[in-house]
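Labels run A, B and C following the written order; every chain starts at residue 1.
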Amino acid sequence: MEPTRERVKESTRPYLEAELGFRNHWYPALFTYELEGDEPKAVTMLGEKILIRRVDGRLCAIEDRCAHRRVQLSAKLECYTKDTVTCWYHGFTYSFRDGSLVQVLTDPECPLIGKLRVKSYPIREEQGMIFVFVGDVEPPELADDLAPGFLDPDMAIAGMRRPIVGNWRLATENGFDTTHIYIHRQSGVVTETDAVLPLGFIPQDKHSMEIVEGPSGPTGVIDKLFLNYVPIFQAPIGDVTVSAVLKENGAMVAPEVSCWVPGALKLENFPFEGYYIFEWYVAIDERTHNYFQVLGKRVQSEEERRAHQEKAHVYWKDVLWRGFNDQDLFAREWLEEAYTDGEGWSKERLYKPDMCLVEWRKLASRHNRGIQRRPLRPLDGSPAVK
Amino acid sequence: MEPTRERVKESTRPYLEAELGFRNHWYPALFTYELEGDEPKAVTMLGEKILIRRVDGRLCAIEDRCAHRRVQLSAKLECYTKDTVTCWYHGFTYSFRDGSLVQVLTDPECPLIGKLRVKSYPIREEQGMIFVFVGDVEPPELADDLAPGFLDPDMAIAGMRRPIVGNWRLATENGFDTTHIYIHRQSGVVTETDAVLPLGFIPQDKHSMEIVEGPSGPTGVIDKLFLNYVPIFQAPIGDVTVSAVLKENGAMVAPEVSCWVPGALKLENFPFEGYYIFEWYVAIDERTHNYFQVLGKRVQSEEERRAHQEKAHVYWKDVLWRGFNDQDLFAREWLEEAYTDGEGWSKERLYKPDMCLVEWRKLASRHNRGIQRRPLRPLDGSPAVK
Amino acid sequence: MEPTRERVKESTRPYLEAELGFRNHWYPALFTYELEGDEPKAVTMLGEKILIRRVDGRLCAIEDRCAHRRVQLSAKLECYTKDTVTCWYHGFTYSFRDGSLVQVLTDPECPLIGKLRVKSYPIREEQGMIFVFVGDVEPPELADDLAPGFLDPDMAIAGMRRPIVGNWRLATENGFDTTHIYIHRQSGVVTETDAVLPLGFIPQDKHSMEIVEGPSGPTGVIDKLFLNYVPIFQAPIGDVTVSAVLKENGAMVAPEVSCWVPGALKLENFPFEGYYIFEWYVAIDERTHNYFQVLGKRVQSEEERRAHQEKAHVYWKDVLWRGFNDQDLFAREWLEEAYTDGEGWSKERLYKPDMCLVEWRKLASRHNRGIQRRPLRPLDGSPAVK
């Protein structure tokens, strides 16, 4: 199952090149609760500056750079009307609806009015989250870039966002990595509940990843943990035995983990039966990403939905998003040191439980809709680096 | 009037390459009041380290690096006599008069004495300012690199200097930019005086820039604002009207602005009739410049001259140099973000009022005396970057 | 004696390329007193991360990166047994004895166990110092990479270590540089003792460097100061006379200084008769080095040895290692500014007392066992830079 070093390299080349992410995909930009009233909000996605605003209830996203001298509109926001933003520098005024130049306060007869425009981004709002399509082609359905189940009507969603050190691919891989659970073995999710987490897993050759790649719909790798591996709870080092936290009648969790193009994670029945983890790692630049942490739960009423959301922000935020996942942040920072600065991509030596990562890298290399690149610098042709 | 994108690019290539400024030109280094007694003063101009000292009343400027191991002499100044500096490292002693090596304290029989020298820079003092010629050729007259009028006997000069973030070209362009006045529309110069500043200008095709390029003398672009443009005081955005600060009987100011090679700005009758702004933006390195802010005024006596200089440092310093021009610093910082780090030079989209910038870029590309470059690194041949 | 500029350049090219040091040599890593009990200690040498531990009294050094995902083991040390370290990320467990993978806690049946290994470094302990061989070939005798005399049974050794700004070559050269004594002329070693330090030296053509390069044993350049140069105590600049600190019956010190591949300095009879200075400048990365400051003294008993070591850490630490040598740190920092960032290597202009440096550069270029290089980045083939 594990391809030779050389074959892997060629089949994952697009992935290796996608330092800034894959272009022409939907990514989460904000949670709904982060966008207040008609206050514009600036975000950086895949190296692009984007300005998001709600206009008469309709979401709009335009490039956060004036077409004229490329300065960021959000450096000093000037909004004379509810559906426009005026550049603080020369008064170029853009419609939030389509990015078109509707006025130039310093030259109202400017022939560029009605002709020039800044990039307008397709934008959707679902499950209390705001998604932006970063690309140039006609956007596919939002659902095509989401993990299955996320949009289900009975799925209640709660979450938070924060900027984190580490390339987006390293963050994604840490989440999908079958055996990184080793770092969580002493977390509160394990020690303070009846959840059982093994040290790791012994891979079984007879089972394998399930690859989902249709002509449409989400594309992903599903790792059915309980079928692909045998959990391991104890292992000797010399005459010492290392053990996972052992419990009688504990609940084995997370029977299935999956990773979806362009870079979204889903865990089933984690941290407990009936719960779902959805995560995104959206490149800000080459070395940082926005980490979207989402806890989903199947509910049967709006009351249950609200109860879930309330408990998430009161209880799960501490135990899960901060406590448990902060252990992942530690791993991402040190992966970043080893990979982006160092020589990780060429010197890593994957082992068999990493077969999920190999499948993910190959799938993402086959099915991405483009590689995000920095614009070239003038004159020397080298990429402009932030 | 606006050339095609491609033609502009070729005709402004030298300007685009001049990240560190143009070589073989006169630039201001200091104000006279910054050089006390015979205390040497270190400055960085166009990436070069320079040491300035007054020797028996005569100004001298030499390279601020020992010829031996290239360390900065100013790291620890040792001056045993009034016209020499001794390197703190090995006692190499240079004459301030011509940069020649006059002694080596660690080896007084050194055959390099009298033969080796550090670069000596032509230096002039006019109007209370000290100018240094950064280059290799026989220097032209200082007046050739100054805006006309600056040296006039009846021109009283006062000013200050400070290091600012932003490439020198972006700073120069912000000053010469016809319509950047939009950022100043709420400044104290406008709200607390009877000065009138429009939002911007509608360009008129029948008039144009005046290009001054003789066989000798200053080379510059003059933008006769009142002839080239129609001022605009109000403009609608949707059903909102945006207005400049409107005043009855206000005084329209700055009928003329000009930009002079190698990078000096002049405003006539600004902030009021009879006043002149002179500005320089001298590259320190690729991302910062020394900003020279000068207010000139025609005077008829030495008493008036002193009165102007006193008022400048008491009153105009707050209102103009700090208040008004700090708005320019904001613009320069964000231009820097958009251009040097980003992709501004290749993605900018100029509009018709920028015709002054296009003329300036073309003129500077035609008439500079050389492009300042970083020395190459040994072995790999790439430029050494600070 | 001084070769032409071009010949020097070709004959010193390997030295110019060795930004990170020379590979396949012994370097000091720690003092014995820095390694407590069986606590592992992480060091960075020539850009490599290394983990050192004492196992049953035997010193061991292995790569401080997990072979799996390249993260640093020392980021969070997990040692379940006295001779292993377990990676905090996936439980890969390595033997300190040979770097072999002895267990994978997350997959105890992993076929890589017993086959995969991290690099194991040859390591020796002598004179209260721990030396590591950074390279790939069969290591030569430790003594081959040390200055003669260091290992002598009657040589008592005391010292300290600290990280310092500056490329290792600039630090080495500053120490070996015959005339850098100029910077020490006012140090306490001179003013508070009867030591005499001239301003510098006049080179004599009849004598020269002694080059030691056998088929085995240490390789070095010996500069016999009192034979190669005439000390100079006074020199005029104009009508001023600059003098060294003059003393009747003072003791001329340091008759001999030598520099040994891969980069170790030795001073004889300094700061006084019977004392020896040994120094190493071990690259951490391209811009910093670990500075090993060692004071040796010939002793005739273990009591004298202990007395020397005690006095060193009480008295010499302040006067010599901090007081005197801090003046060297200043020089290294400014050399770094001039060389690595700037253009020092191509623009320096050596003088005759630097003949020792020229000989050292040529010798090191001829006799190093390899040049340390950064691993290449994947895809673009450029070196990964820290």
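The working rule: contacts are C-beta pairs under 8 Å (C-beta built on N, C-alpha and C of every residue); 3 or more make two chains touch, one makes a residue touch a chain.
The shown structure was predicted, so the numbers you read here are calculated from the model rather than taken from an experiment.
Undergrad: When the Cα trace of chain A is superposed on that of chain B, what is the rotation angle, expressed as a multiple of 5 degrees?
TA: When the C-alpha atoms are superposed, chain A turns by 120 degrees onto chain B.
Undergrad: Given that chain B and chain C are copies and touch, would you call their interface same or different according to whether over half of its residue numbers are shared?
TA: different
Undergrad: Distance between chain B and chain C based on Cα centroids, please, to the nearest Å.
TA: About 46 Å, centre to centre.
Undergrad: Scan chain B for residues touching two or more other chains and write them down.
TA: none
Undergrad: Touching residues of chain C toward chain A in the complex: what are they?
TA: 65, 67-72, 75-76, 80-81, 83-84, 86, 88-91, 93, 102-112, 116, 375-379, 384-386
Undergrad: In their complex, what parts of chain A are in touch with chain C?
TA: Going through chain A, the ones touching chain C are 13, 16-17, 177, 179-183, 199-203, 232, 235-240, 242, 330-331, 334-335, 337-339, 341-353.
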